[in-house]
Structure formats: structure tokens, C-alpha cells
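Next, two complexes with chain A in common: one pairs it with chain B, the other with chain C.
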Partner chain A sequence: MKRAREPLTKLIYTLLAVLPAAALALPIVLTLTNSLMTEREIGSNYDWLGKMGDVAKGQQDAFVNLKLLPDWLSFGQYAQLLLRAPVYLHQFWNSVGLSAPIVAGQTAVAALAAYAFAKLKFKGRDKLFLVYLMAMLMPFQVTLVPNYLIAGKLGLLNSWAAIIGPGIFGAFGVFMLRQFMAHIPAAYAEAARMDGAGHGVIFRRIVLPLAKPGLAALIVLLFADQWNMVEQPLIFLEDAFKQPLSVELSRINEQARGVGFAASVLYMIPMALLFLYAEAYLVQGIEQSGIKG
Partner chain B sequence: MNRRGALLRDGRAALLFLAPSALGFGLFYLVPFGMGVWYSFTDRTGSGSFAGLENYREVLASASFRQAAANSLLFTGIGVPLLIALSLLLALLLNRSLYLRQTLRTVYALPLVVPVASVALVWQIFFDWNGTLNAWRHALHLGRIDWLQSDGSLWVLLLMYLWKNIGYDVILFLAALQAIPASYYETARIEGAGKVRQLLHVTLVYVTPAMVFVVLISVVNSFKVFREAYLLEGDYPYGRIYMLQHYMNNLFLSLDVQKLSAAAVLMVGSIVLLASFLLRAERKFRDNLE
Partner chain C sequence: MEAETTGRRLAARQRTIRIAAGLFVAMLIVFTLIGNSLQALTLPKVSAEKPSQGRLSRSFHGSAVLSPAETADLTNPAGWKVAQVLVKPGDAVHRGQQLVSYDDTEAQRQIEDETAALEQLELPKPQLQHRYVDAVQSGDEEAILDARTALESADASIRAQQNRIERLRHDASADRQLVAPFDGIVTEVHAVAGLSAATGGPDVRLADAASGFQFRLQIPAAIADTLKPGDAMDVRLTEDDSRSLKGTVAKIEDGDAADATAPSRSADDGAGDMASSESGSGAANSGSSSETGSLPVTVTIKDPSLRGGERVEVELSRQESKDALLVSAQAIHQDRSGVYVYAIEKRQSPLGNAYYAARRDVTVIDENGGVAAVGGDLYDYDQVVLDSSEPLQDGVRVRL
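Right, the complex of A and B next:
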């Protein structure tokens, strides 16, 4: 009797878990499906956004008409986006240009530092690591003014370098990779050291390859974070043509709404691909970072 | 080689490995923070003369700082426990045998990588005065709520925070749950513990060490909702979601460097206190467990 009941309980619990998953996926799915509507349909569905209905004309019950599926499947938004709105494409590449050096730089610098924190013994190690940990917790605004002044002195204002510099040396990478490397058994390094390997060799040949999931997870998380950047460009970049797409997308107004969903999808694609490609690593990396090493 | 020699050799290697990170970290974080502390004690006129605690007094007395601090505290105070409770619940659910388990975890984690700006349009459509949420309320014969221009804005922001971060916490909790040896549950069962007692005395106890890290990450991420607030409502959103970051950004725009620095030092102080408390609590708990 018990055996007969088991698939049923399993099904019930699955359904319980599917509900929140559906809710979480909804905004993403809606963005995707709405990007396949014609500009006209978008116009008629969402014309009421940000407007007051005229009660005298019987419009007090006016609402937007959120639809999951388009009436007509159309790639018109994407065509518009590519042909007539080059500003989005330009800013898409700005996002790439800002994020990629930060992700690459922080991963490299952090891997080196994390090795020292996880695998070497030196005076003041734990205290210094605590400083990194605390810095990781701080919001961007804390060092805003001095960073701005330093960038000004170095002549970096209104240039990407003012954002990329601090980005590369963010503390998150050091923290995450240190947690990950701490789980790599010391025996591997010991054995190599017996064979006369120095730290440079141990780092490159043993720790780095074993830390691959951690590195992959860091790259995904960093990319997601940088791809989202809002505060830094607002402060450091004056010219609109230097801004990343993350800032611009929020300013999509009524005129541009027709391509807004397609632009949003375009902006999701690199992250979605990276996520699907590296998901197993991402999960493993996050897990290890949470378990005390 | 004696112990001291090994330590010294490590020290030299450590210096090399740490140098790139430490130099940049010093230049972009530690030096700026030190400068900030200095500014916070100087006079507003720009003469650089020592002003004592005047800037702190002014910041603490300012109504907008108080409001922003209260809002940030309220948001983090509600958001973090809510996020932790919900993600623990989902992790417990995912820890059972389910159909589609991997797929479900993938979907939970997906918002983590979806750019905030990409779904901003959908949020707008949901929470507008003429938006979907109000259309539903209307269908139920309830009045409209101006979600972004009322205290409802806090809930809107909380929802976005939960949406974005629940996957991260679920993964962390799931790892902690799977690390609990099955034998602990068996022992509990043999001693006659029911499901509820097992949950309270085995599951929750052994998940607690992971909790500290989850709380820290969740607090960090709760500061990041400024992005969502900014993307939806700009520099001056409705009062309830005017966060410390809005306050500091606006001080920056009005070039009030000294006050901004004092506010930053106060913020750093509170975060350091909170984090030290959590880390100490964790150590105590761990010691008791062993």
C-alpha cells in the first residue's frame, strides 16, 4: 500500500515546487513572448502605461492588457532593433567592453590572492582576509567620493577605465575563490612539493585546474553582476554613447516601447548562454563558497 | 627545514601572490576609505580645517538621512529573513525526491543571471497605475493601488529582491542539507523523534552554520536593490524606498563631500558591527556543536 502511495506524494511535492518555479520564470517568459509581438500589438496592449484615464470619456476602467502569447508571431521588433535603433547595439557592445575586462581581470588577480589566502601560511593572513570580507559587504557608495577624486586626478573621468579599475580589484572574487581553494586537499600540494615544485608550479599545475568549477562560477556571477551595472556608469560616465545598455533599457519610453522587449531579450542572451553552459559549475561553486573551509 | 624557515618561505611567496590584488585593493578601496574618514572630520568650506564631529552631527540630525537609514534598515530587516525563510522552505522541498528536480533548481537559479534591466518593462507593466496587478484587483472589485507611489513600493521592491536572490540561497541551503549525514536522522528516529522534532533538532541545527554565510550574502544583495529602485523610479523615488544609497548619491550630486563621507563612515561602521557579530555567533555555535 505504501508503495502505491509514493509516486503520488512525489507528484504532489513536485507540483508544490513547480508553482514557485513558474512564478520565478514568469517575468522572463513574458519578456520573451512579448518580444515576438508586432509593434502595433505592443502599442495597443500597453498604451495605458503611465497615463491617467479620462473619467469623462468613460476611461476610468482602462488597464494594460498583459498577454502571454502574441496574436501574430513577428520578428518585427528584432528587425527594428537591428536596422533602426543602432543605439541599442552600440550600448550592447559598451556593456561587453565594460564587463569583459572586469571579469577577466578580477578572476586573474583574485585567483592569485586566493591561493595565498587558502594555501600559504603567513603572518596576519586571517586578519587581512577579514578586511577583504568586510570590503565585500560594502555598497559602492561608501568609497564613491574618494574614488571619484582619484579618477579625476588620474584623468579617468568620463572614461571606462574609471569603472574598470575598481571593478578588477573587487573583493568578491578573492573571497569566493579562497573558499573554493580551501577545499582542495593539502595532500596534492604536499606531494608536488616533495618532488621539488615551487608555489608557482603548484598554483598553475595543481590548484588552478582543480579550482575550475570555482573559477567558472565566479565568472558567471561576476558577469551577471557587471552586466547589471547601474550606479557606476551614472556617476562616472557623462556621455550617453559610452553608457552600457543596462542604464539605457530603463529609459525606454513610449516611443521606443515597440522594440523594448526585443532589446531586453538581446540583453539577456549572453547571460542566458553563459548560465546554461556553466550551470553545473555555478552550482558547485556557490555550494563550496558557503561551506566553511 | 625547520618550521620557522617554512613560514618565511611562505611569507615571500605570499607577498608575490598577493601583490597585484593588494596594490589595487589598496588604491581603489583602502586609500579611498581612509580619505573618506579624513573628509568626514573636515570643514565643509574646503579649507580642510578640522571640524570634529560636526559632519556626523549634521548627518544624524538630517531628516532625509534618518528616513533613508530607517528605510534601508526596514528593507534589509524584512527582506533578509523573508528571503531566508522562503529559500529554506524551497530547499527542503527540493531536498525530497521529486520529478524534474534538476530542471526546477535551474529555474530557481535563472533570475540570478537575468539582468535587472531586462525585466524592468515587465515589472512596469505589473505595477503601473493601469497595470496588471490593478487590473486583477479591479476584477475582484478592489480599489487600485498606486504601487510605486505608496507604501506598496516597499513590497514591490521586496518582491524584486526575492525574485532575484532566492536561487542563490536555495543552492546554498541545498548544499548544507545534503551534507547532513543520514545517520543523524536515523539516530533521531530510533530515539523516537517525529518528523517535526527531526526538522527542529537535526535539520535546522546542522543548517545553522551555513546560515551565517547566507545571511551575509543576502545582506550584501539587499543593498543591491538600489538598482531596481533606481531603474524604476530614478533619483527620487517614493519616500518609503528612498534608501541610504539614494541619499548618498544625491549628496554626491550636490557635492556635499564631507557629509557624504560621514554617512559612509557610519554605514561602514554598522556593517562591520553586524558582520563581526554574525561571525562571532557562528564560531560560538560551531564550538558548541563539536
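Right, the complex of A and C next:
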């Protein structure tokens, strides 16, 4: 009986997996293909958005045409993005300049803090960790106003430091890495201590390599978060030339749709590359975390 | 075993990804650099200047011909024929000098006729006297009265006739010649020997040397406004540069009054400004000194060496009394919404200095030649766009 059902079950399971995947992948595919269309074609597809009327009242009804294939393949949008309007590239580098320090900084700081929380024993450790937890659970908007006031008093408004500073000392990294490091058997550390290793050596030589999957996961998640940040730049940064590309893409209007698609494709690439690179570590981490003892 | 191959495949894949990422970053950097340069190339190129603080100066250079200030036209009232013309144009004469002598034969003849008539009147006189004597001798009252009346009436007629002759003689001697009433210079002589009553003008036109010469210039309204009657003006002879004479402003007229062909002021007052400056007759409204019209100014000049008819030159210059921002007239533009200039605003960014053209509304206070004094939204630290390779608009980025 099982054998007879196998192809059918397989088909059903495949469909159950593929259809949602297709639905989720559709926006990305649309972005890719629309970036290869001319502006006029995009207009003919999407101009009806918001203008469709009520058929019952006799107004015109229209359907938005989601085209997956361009009628006329054109790279004009990319030419516009890369050559003629350097402002987009400039904002891309702004994004890089904002995200990279945060990711690197938070990973470094959180690794150290997580090691302390996971491996060291000191008075008030758990209570302090509880505070970290609460800080992580609070939505970002709650701490926005105090952050703004402090940044103002420090004179950091309208500079990247107002965003990078709080970013580096975020609580999420500490939490995640601590969980990871807690799973590393204490036996490794003890063995190393018996050989005369101090905390620094243990941290560098034993804990970090073992926590690579956790670090990879943290980096990917942090990057995804910071790469797409919109509210912080809007609030803390005034000058337009300091804004990251995510802010610009959030403001795409009718004039810049074509370039917006191309810029979105450009914006997706670093994220995709990073994920592909870190995926190996993630898989490795998932495999390894099953191992205990 | 499996883990090893997966590990190797993984490593290979990760290397591919690393290479891809490296290429991506490299491509982005290249495009960023190229894009910036390309964009700068397409910007309009402008040339700019700093406005200067100063006073607008205007100058006027004009020349005119001297003509006598006061002339007298002299003619023989009797209309006799001219016997002899004693002067020619350009002669300096003094008061009482004989200019033209006339043929008085006609008058003489008339005197002769009247003298003959007088003789005729005197003829009956002895007879009347005789009659009177007789009447007195006879004692007749009526006859005495009669004779006396006749005698007296004859005497009266004779006296009248003598007066008439006297008058004729007096007139003849006076009219025999044309005499200069004042010191002066002869400007025109129309009397021709042999003809009576000169055709085409007075016998002699005499210029009064005491009142000097005058000339008329069309001076731009802006400068003419600073002159008032009685002001001194430096005048130079065109032929003889070495001397500088002093003239006095005698009269400044309204532009319209002098030009007979000017359009009637009442008809088009609004458009009159344009029309009148086109016809060159000066400001249509008195007091509007910024019009481009010019006013006729009469200047008198007295100098014994002048003869009339010389060409003189005048150079006037005037500076505005207050400091203002001066810009080249080339920098000023005008459109439907007003008069403006483009100022250059600098914005600094990590990509370098970016210059933008910003429109500033100004009002032109005064203009002369290629320089204009402006007021308004402009400061002396601004830079003003003189010329650009493309038409500019407000906010457009430019390249200096």
C-alpha cells in the first residue's frame, strides 16, 4: 500500500512545498524582471493602481497586470542606476557604511558578553541577563525617544554615529550567542584550563571556533536587519546624502519606478551573497547542535 | 567520506561565492567612480563673478554748434532799395556803425515835391498880407477879420508843410542807412545791392556780443536731472583742445515740448514711456529719472574769442550718491514673474563640492552701460552667474 501511494504522496508534498515557495518567490522574480523593462512598460502595467473605479457605479474597472516577462528587454534602468544617477550608488555605499560597522561591532561585543554570560560565574549574572532579555524584547520604538535625546545631547544627531553606536551594543547578539555557547560542553574549557590556558585563550581557541555557526547565524540576521533599516536613518539623519539606499527605496514614487526596481535588485545581491556564503555554516551549526556531551 | 566530499564541495562553493562577491564589489566601485565623472561632464558650465560694492557712474559726451544767444533782425522799414552793403557775415561791429546804406532817391524826390508844394503855398502870402494892410487901412472890422484869418490859415498851411518836409528829411536821413543798435557780430546778410527789401530774411542779422553764444544738447535724463539753470559746465572747443571755457546752463526743457513730432502725452500715458523714449524726446513724465530719454539743455557761453558757428564738446559725468551692489547687466534676467539673477550656492558633501544655481529676485535700481546697480536678495559674498553653456533653472547643479 505504501509503495502505491508513494508517487502520489510525493506529488502532494511537492506541491505543498512548491506552491507557497512560488508565491513567496514571486515578488523577487517580479523585481528582477521589472528591472529589465522600460519605464513606459512598467507604467502601462501599474498605472492603474489606485485608479480602479467601482464597476457598480459605472466607473472603469481595471486589473493590474503583473507581467513576468518583459515585452522588450532593456538594460536602460541599470544604465540609469549605475552610470547616469550616481546618487543611488552613493546611497548604496552609505548602507554599507552603516551596516558593516554595526554587524562587525555587535558580533564582537556580543561574543565577548555571551562568553561571560555562558561560561563565567559571577554574582548577579542571571539578573543582569534578565535585564538584557527585557531590553531585547522591547520594541525599538520604545527606546527611540531616549535614544534621540541622548544623541542630541552628545551632539551626534545627523551623523552615522547616532545609528552605529546603539547598534553595536544591541542585546540580541548577546542573547543568541549565549544560547549557543551554553551548548558547548564545559569539558572543553576545563580540559584547556588544566593545560594552563587562561580565559582569553579559551575564548579564542576553543569557544569561538565552536560557536562559528552561531556567529554565522548572528551575522546573517544582523545584516538582514540593519541592511533594511529605514526608521533610524529617517529620524537621526537629516542630510539626504547620508541616507542609506533602503530609505530611498522606501520612497519610490511614480517618477523613479524603473530605477527603483533596478536599485532593489542591486540591494538584494549583497544579502543573497552573504546568505549563500553563511549557509554552509548554518547548516553545519544545525547539524552540530544536535550533538551534546 | 561523505563528509569530506561535502566539505570539499562546500569549500568550492564558498570560494565561488567569495569570488562573486569580490566581483560585485569591484563592479560597484567602478560604476560609482564612472558615474560621478559622467554626471559632472553633463552639468552646465557657468562663469561667475562677485558683485562689487560701489557707485554707479554715468558719463555723457556730446557736441554741438555755437549759435548766438541773442540776435536782432534788422531791416529797413521803408523798404528802399539797397545802395551799398557795408558788412559781411562774421564782421564785428560796434554800436552805431553803419551796416547798409540805402538808396534814398525816392525820398529825395518826395522832399522835392513837398518843397515845391511849400513854395506854392508861400506864393499867395504877399497878396494876403497886402489885403490885410488894406483892410486895416479901410477900418472894416469884418474885412480885417477876414484878411487876418486868411493870412493865418496860409501861415498855418505853410508851417504844416514845413513840418512835413522836416519830417521827411529827418526820416530820409535816418532811413538812409542801417545802423547797428549794439555791439555784435554780423551773422547773416540778406541785403543785396540793387534790390529792395531783401528776400528770405532780414537785411542784416546781428548777434549781440554782450549776451554771448549758446548751444543745445540732448543730455540723458539721469544726468540732466542733476543740472539746474545757473550751473557751470566745462566746454571745450573741438578744434582747439587746449582751452576750456566755462558755460552756464540756461534752460532745461521737458523732452516732449521740444519735439514737435512726439506723440501726444495725454493720449497714451501708460505706453507713453516706451513710445517717447523710442522717438527720443525724453521722459514722458517729469520726475521719472530712470527713463532712457534725454532732455534738451541750453547752455550759454561768453568769450570774446568766440565767433559763432564753432563746434564745442561737453563731457559730463555723474556718480550716484550711494553705494550699491554692482553687477554686470549680462547677469540680470527677466521673465514673467520678475527680474532675477542666478547666484551660486555651494553644498559640501563627501563626494566633493556641489554647486547649485539659485534664483534670487532683485530689483534694478539703476543701469548704465553694462553695469547695473541692484538691490534685493543679493549679498556681496554671493557669486553671480554671468553666462552659462545651457539655460539655467532654479536649483540646477552647475559646474564652475
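The working rule: the second predicted complex is superposed on the first by the 264 of 293 C-alpha atoms of A that agree within 3 Å, B and C clash if a C-alpha of one lies under 4 Å from a C-alpha of the other, contacts with A are read in each partner's own complex, and residues count from 1 in each chain.
Operating definition for what follows: contacts are C-beta pairs under 8 Å (C-beta built on N, C-alpha and C of every residue); 3 or more make two chains touch, one makes a residue touch a chain.
Computed from a predicted model, the values in this text were never measured in an experiment.
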item: Partner chain(s) touched by A:Pro70 [first = chain B, second = chain C, both, neither]; value: neither
item: Partner chain in contact with A:Leu133 - chain B first, chain C second, else both or neither; value: first
item: Chain B or chain C, by number of chain A residues touched; value: B
item: Which of chain B and chain C A:Phe122 touches, first, second, both or neither; value: first
item: Which superposed partner A:Leu83 touches (first chain B, second chain C, both, neither); value: second
item: Shared contact residues on chain A - chain B and chain C; value: 274
item: Chain B-touching residues of chain A, taken from the complex the two chains share; value: 10-11, 13-14, 16-18, 20-21, 24-25, 27-28, 30-31, 34, 46, 48-53, 61-64, 66, 109-110, 112-113, 115-116, 120-123, 125, 128, 131-150, 165-166, 168-169, 171, 174, 198-199, 203, 220-221, 223-224, 227-228, 230-231, 234-235, 245-247, 249-250, 252, 257, 260-261, 264-265, 267-268, 271-272, 274-275, 279, 282-283, 286-292
item: Contact set on chain B toward chain A in their complex; value: 6-7, 10-11, 13-15, 17-18, 20-22, 24-25, 27-33, 35-36, 39, 90, 93-94, 96-100, 104-126, 128-132, 134-135, 138, 163, 166-168, 171-172, 174-176, 179, 209-210, 213-214, 216, 219-220, 223-224, 226-227, 230-232, 244-245, 248-249, 252, 257, 260-261, 264, 267-268, 271-272, 275
item: Touch list for chain A against partner chain C, complex; value: 82-86, 89-90, 92-93, 239, 241, 266, 269-270, 273-274, 276-277, 280
item: Chain A partner contacts - residues on chain C that touch it in the complex; value: 10, 13-14, 17-18, 20-21, 24, 28, 31-32, 34-36, 38-39, 349-351
